[in-house]
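Note that chain A is present in both complexes that follow, paired respectively with chain B and with chain C.
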Partner chain A sequence: MKKRFMNDWVKICYLMLIAGFVLVPLLAAVLGGFKSLGELQSNPIGLPNNWEFEHYGAVLNNPFLWNSMKNSFVISSMTLILTLLGGAMTAFTFSHIRFVGHRYVYSYFLLGMMFPFATGILPLFIKIRDLGLLDSFYGVVIPQVAFGLAMAILLFKTFFEQLPAELFDAARVDGCGYARFFFEIVIPLSTPILATVGVFVLVTSWNNYLLPLVVLNNSDLYPWTLGIMQYQGEFAVEWNKVLAYVSITVLPALAFFIVAQKYIVAGLTGGAVKG
Partner chain B sequence: MATVEFKQVHKTYPGAHIVKGIDLKIESGEFLVLLGPSGCGKSTTLRMIAGLEDISEGCIEIDQQVVNDLEPKERNIAMVFQSYALYPHLSVYKNIGFGLRLAKVDKQIIDSKVRDVAELLELTPLLDRKPKDLSGGQRQRVAMGRAMVRTPNVFLFDEPLSNLDAKLRHTMRAEIRQLHDQLKKTTVYVTHDQVEAMTLADRVVIMHEGHIAQIGKPRDVFLHPQSKFVAGFIGSPTMNFLKGDVRIDDSSNYWLNFAGNDVQLDQSYSGNVGEVDLGIRPSDIYLSPKTCSHNNPLHEFEANIDSYELLGATALIVVSRGEQSFKVEVSANYALESGQAMTLHIDLSQLHIFDTQSGAAVYRVIN
Partner chain C sequence: MPQDTTSLSQGKAQTSWFSRNNQGGRLWTLLLFLPPALCLFTLFVVVPLFEASFFSFYRWNGIGELNNYLGLQNYSKVIGHSAFHTAIGNTLKIVAVSLLIQLPLALSVALCVYKQSWANTVFRLIFFLPYILAEVVAGLIWKFIYDGNYGVVNMFTEFFGLENYFILGDKQWAFAAILIVIIWKYFGFHMMIFIAALQGVPNDLVEAAKIDGATRLQTTFLIKIPLIKHAIILSMFFSILGALQLFDLIIPLTNGGPSHSSHSIVSYLYTFGISRMRIGFGSAIGVLLFIACVVFAFTYQNAFMKDKK
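Take a look at the complex of A and B:
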């Protein structure tokens, strides 16, 4: 009994330590936005002595923030929709149709996971330039989708293969073709995996810095990650505003995660077959 | 109403020959059961009728129309699956109406059809529920409703009861038969459960390693198995198989020697001289001549009881005589115990003789 009690405490301490690693920097960023520059240097982590709301106010009142948030939102949503749709359809094909060379094509898609984004940035830039997509959202969205597909296809395919095969047989007898089955049966049953892949893709896209930096020159098209650069340039040492900016821009991704989390639950297929 | 006809149908996968040339005609309105052990090709055969598997060779006709290249939905068939395969995200109502909705049937017609079927299957109070909130038997009925609502020409059942518990299986079995009597639709039903086959079928097709081993009415298949395989597969407890010898005397009479006794066979014997396999059902061996109700010739022999197993109304005893041992089904009223010596009587009219090489039945007294 005592031993178990000790075990629990060890676990709790360990988990608190891990949580601390994640939460302390976040908290420091949120609180940093309320501090003066002087206090930020003398007391970087603790609660502020004087709560100064003007930094958040200044950031929120700057139209540049809203424009860059809007740009980020457009880029991320397009990436999200295209990756989910393309990934799910491709994975469905791989899990249901055996065509000549399907293994090779599948492996080819998965190769994308072994290829770090940064190493490809130069050829990517040249290709985007040649396609005339510089300074457009497509120039950011299309490469992001391409790099996101590998992981999405892997996760979707594993999930689709676990759907009972008789479901497809039943749907075929009822008159479904592949497309009908995909949209009417597979997609509604795939909310857990859609949510999982969705969170992954959206957060990656929302936080992407390098690709927009290379592709976008017009500051009207900047997503928030580039907007932060602008801040650093304008207010060279005003870290409190930067922290306030970061705290605000993290919120949409967080909100999406919280909403999606609800759907990441097991057992949605309950009742299809005896289980 | 439709007939289903198989003409030299084969199914091959790379490295496996699953169905090896089936010829079969299923009459309009008939309830046909495909019966066989796992892997005999019965489910594949059913799936070929449904259009879920391609036909490698030969052709299948539904209502005299070759359907080899038709999609499942164009064949006007409906299928009930072993795992029910209900759509988990749709209500019972939508599950039943799904096929009609895909066929772009008018909404009001769908509504009335779904409600009619739900009424018939006593599903009306459950129409708004999701499959996960239903019991096994209810899910099974929804699966049947989904099949019935489209008023297909042919019903296909793929081991629909094997996921249910014994009691429910019994009830659903009766319901399926009752529905068939009501709807009079051509039905093909796959099962490995011989009780289901015996109780439901107009005709049973017994399959073995991709071939049809025998086709016939349940009673005929039980009483007159055409091969050792069928004889051993049908009937529970299973048939006893013994070794015997057939010889021919000067006046061309065949004599069977088994367990140390000679029995004369009549002219219907069509086998060869030499070793044969004998089959006798456990229920055709009696403890006393009086329990044998008809005046058939009995063969008497001494044996020892090796084991006694109470099954309920009857008991199964295993007896041995020399090196041969076999099962006997007796009334549970007898007080018997292991080691006891006793006289047993074999009803010779129920004796089956099979060729040792081919397994074909070569002798059976018809009565």
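Take a look at the complex of A and C:
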């Protein structure tokens, strides 16, 4: 029994150590926003002796921050809706309509998961430019949707195939067509998988950096990931301001994480596991 | 949405191929559901890929005519570029650190917290937290930690009475600093994969082994770990693919510097291809990256993940 106790104790120490490794940088960032530059220098991670609220205040009153958050919100919501709708509809053609050659078309989509976004980024840039979509949200949203489809289709198809076949047979006997079956029966039954895929798409889009960096030049359209880099560029050495800005941009992600925890873990890892 | 559910009884062409296959609006639905995604995917994912291999034979700045055919010169330039060698070396370092440090760390942590209890849930959430942060945020936070004038590194140098040390400006150690951030950011993701797998290990096997006198270490190494082999294989797959794609973290931390010593493949592509608008050169890097990914994905899946399919 004593040995057991020792084991647990070692285990807890180990976990605390790693938790420290994870949390110290985060706490240092949040607390750093409350410190003066001088204090930041002498005491980078501890509680501030002198709580200075003006840095957070200044960030919260910065219209650039709110504008970039709003842009990110618009971009991610559009990406979310289009990916879910497009992905689910396409997956439904593979799971229920089963047209000739659907296996090949499905494999074709899955190819999209094989390579990183960056491989075709220059031709993609040229394409977006030629379509006149540079400096517009569509230039970010459409490629994001296109790249998100593969994963969405994979997860939706697996889920739709597990829906009981009797459901479909019964609906058909009652004269319900394919489209109506999809919108009135499949979609309402698919909330768990919609949430899982949705979380994945939302987080990926919210955190995307490379694509907006290439597509957007006008800083009024910047999503928050570009905004934060620009802000850091302006206030490079005033770390207290930068840390306050960083901490505030983390809040939406954190709130979302707490609310949708279950789906986040499923969406970000479960999705991966099934692939 | 279209209510074409009655097309079954729509009169004359009832025996035609179309109406036989269109029962319940099957074909209409197909025509409505499939093309949007198919076009989008083809146009924005597949076509750029082919165009990249085409552009990679030219020198082009994106404006004007595409007439400066170079053959394979772009490729030989990339392959002979010392910064590219560094980027490849760095990618291999990420792979090594992921496999030798990150995954064992994730696995050990997963073994500690996979059972259901509120304390374990708290630990799990803490460990997973860095993964949900954007890479640029993680990069900026660690840039502060590593800052020789302000951050934690400064705290240590001050404590030991040393001179200010800027690790991210040190050619020799900048990438090592990035590797620590990579472990910090991603080990929670792998932990979650392992936890999901460990929870699927049948408890009676573990109990039976205990009754037979197996120690804790034995049950761990001889039962639990072999039974989650598929998860470990999967984690390795994601680590390597992730190493090939790393970009967002590099930019805030070092921007590839000092003197191009800390580039990943994608940040190399960004610096030398995109930001200088050298479409041909950048496309050549993209093509090489694509080949690396596809070759890796296929061989890896054939070698290790075959039984799953």
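Definition applied: the second predicted complex is superposed on the first by the 215 of 275 C-alpha atoms of A that agree within 3 Å, B and C clash if a C-alpha of one lies under 4 Å from a C-alpha of the other, contacts with A are read in each partner's own complex, and residues count from 1 in each chain.
Here, contacts are C-beta pairs under 8 Å (C-beta built on N, C-alpha and C of every residue); 3 or more make two chains touch, one makes a residue touch a chain.
Because the structure is a prediction, the values reported are computed rather than measured.
A simple residue count on chain A separates chain B from chain C, and the partner touching more is C. By the document's definition of touching, neither partner reaches A:W9: not chain B, not chain C.
In the overlay built on the shared chain, the residue A:C176 is in contact with chain B and with chain C.
Touch criterion met: A:L40 reaches chain C, while chain B stays clear of it. In the overlay built on the shared chain, the residue A:V246 is in contact with chain C alone; chain B does not reach it.
Legend: residue contacts after superposition of the two complexes on their common chain; A:F53 is shown touching neither chain B nor chain C.
By the touch criterion defined above, A:W66 lies against neither chain B nor chain C after alignment on the C-alpha atoms of chain A. 172, 175-176, 180, 268-270, 272-273 are the residues of chain A that lie in the contact sets of both chain B and chain C, per the superposition on chain A. The touching residues of chain B, when paired with chain A in their complex, are 47, 50-52, 71-73, 77-79, 81-89, 98-99, 102-103, 130-134, 136, 139, 146, 163.
Residues 164, 166-167, 169-176, 180, 185, 188-189, 268-274 of chain A are the ones that touch chain B when the two sit in their complex. Chain A contributes residues 7, 11, 14-15, 18-19, 21-26, 28-29, 32, 37, 40-42, 44-45, 86-87, 89-90, 92-93, 97, 99, 105, 108-109, 111-112, 114-127, 129, 142-143, 145-147, 149-150, 153, 172, 175-183, 203, 206-207, 209-210, 214, 225, 228-229, 232, 237, 239, 242-243, 246, 249-250, 253, 257, 261, 264-265, 268-270, 272-273 to its touches with chain C in the complex. The residues of chain C lying in touch with chain A in their complex are 1-7, 24-26, 28-30, 32-34, 36-38, 40-41, 43-49, 51-52, 55, 62, 105, 108-109, 112-113, 123, 125-137, 140-142, 144-145, 147, 149-152, 154-155, 158, 184, 188-189, 192-193, 196, 216, 231, 234, 238, 241, 244-245, 247-248, 251-252, 266, 269-270, 273-274, 279, 282-283, 286-287, 289-290, 293-294, 297.
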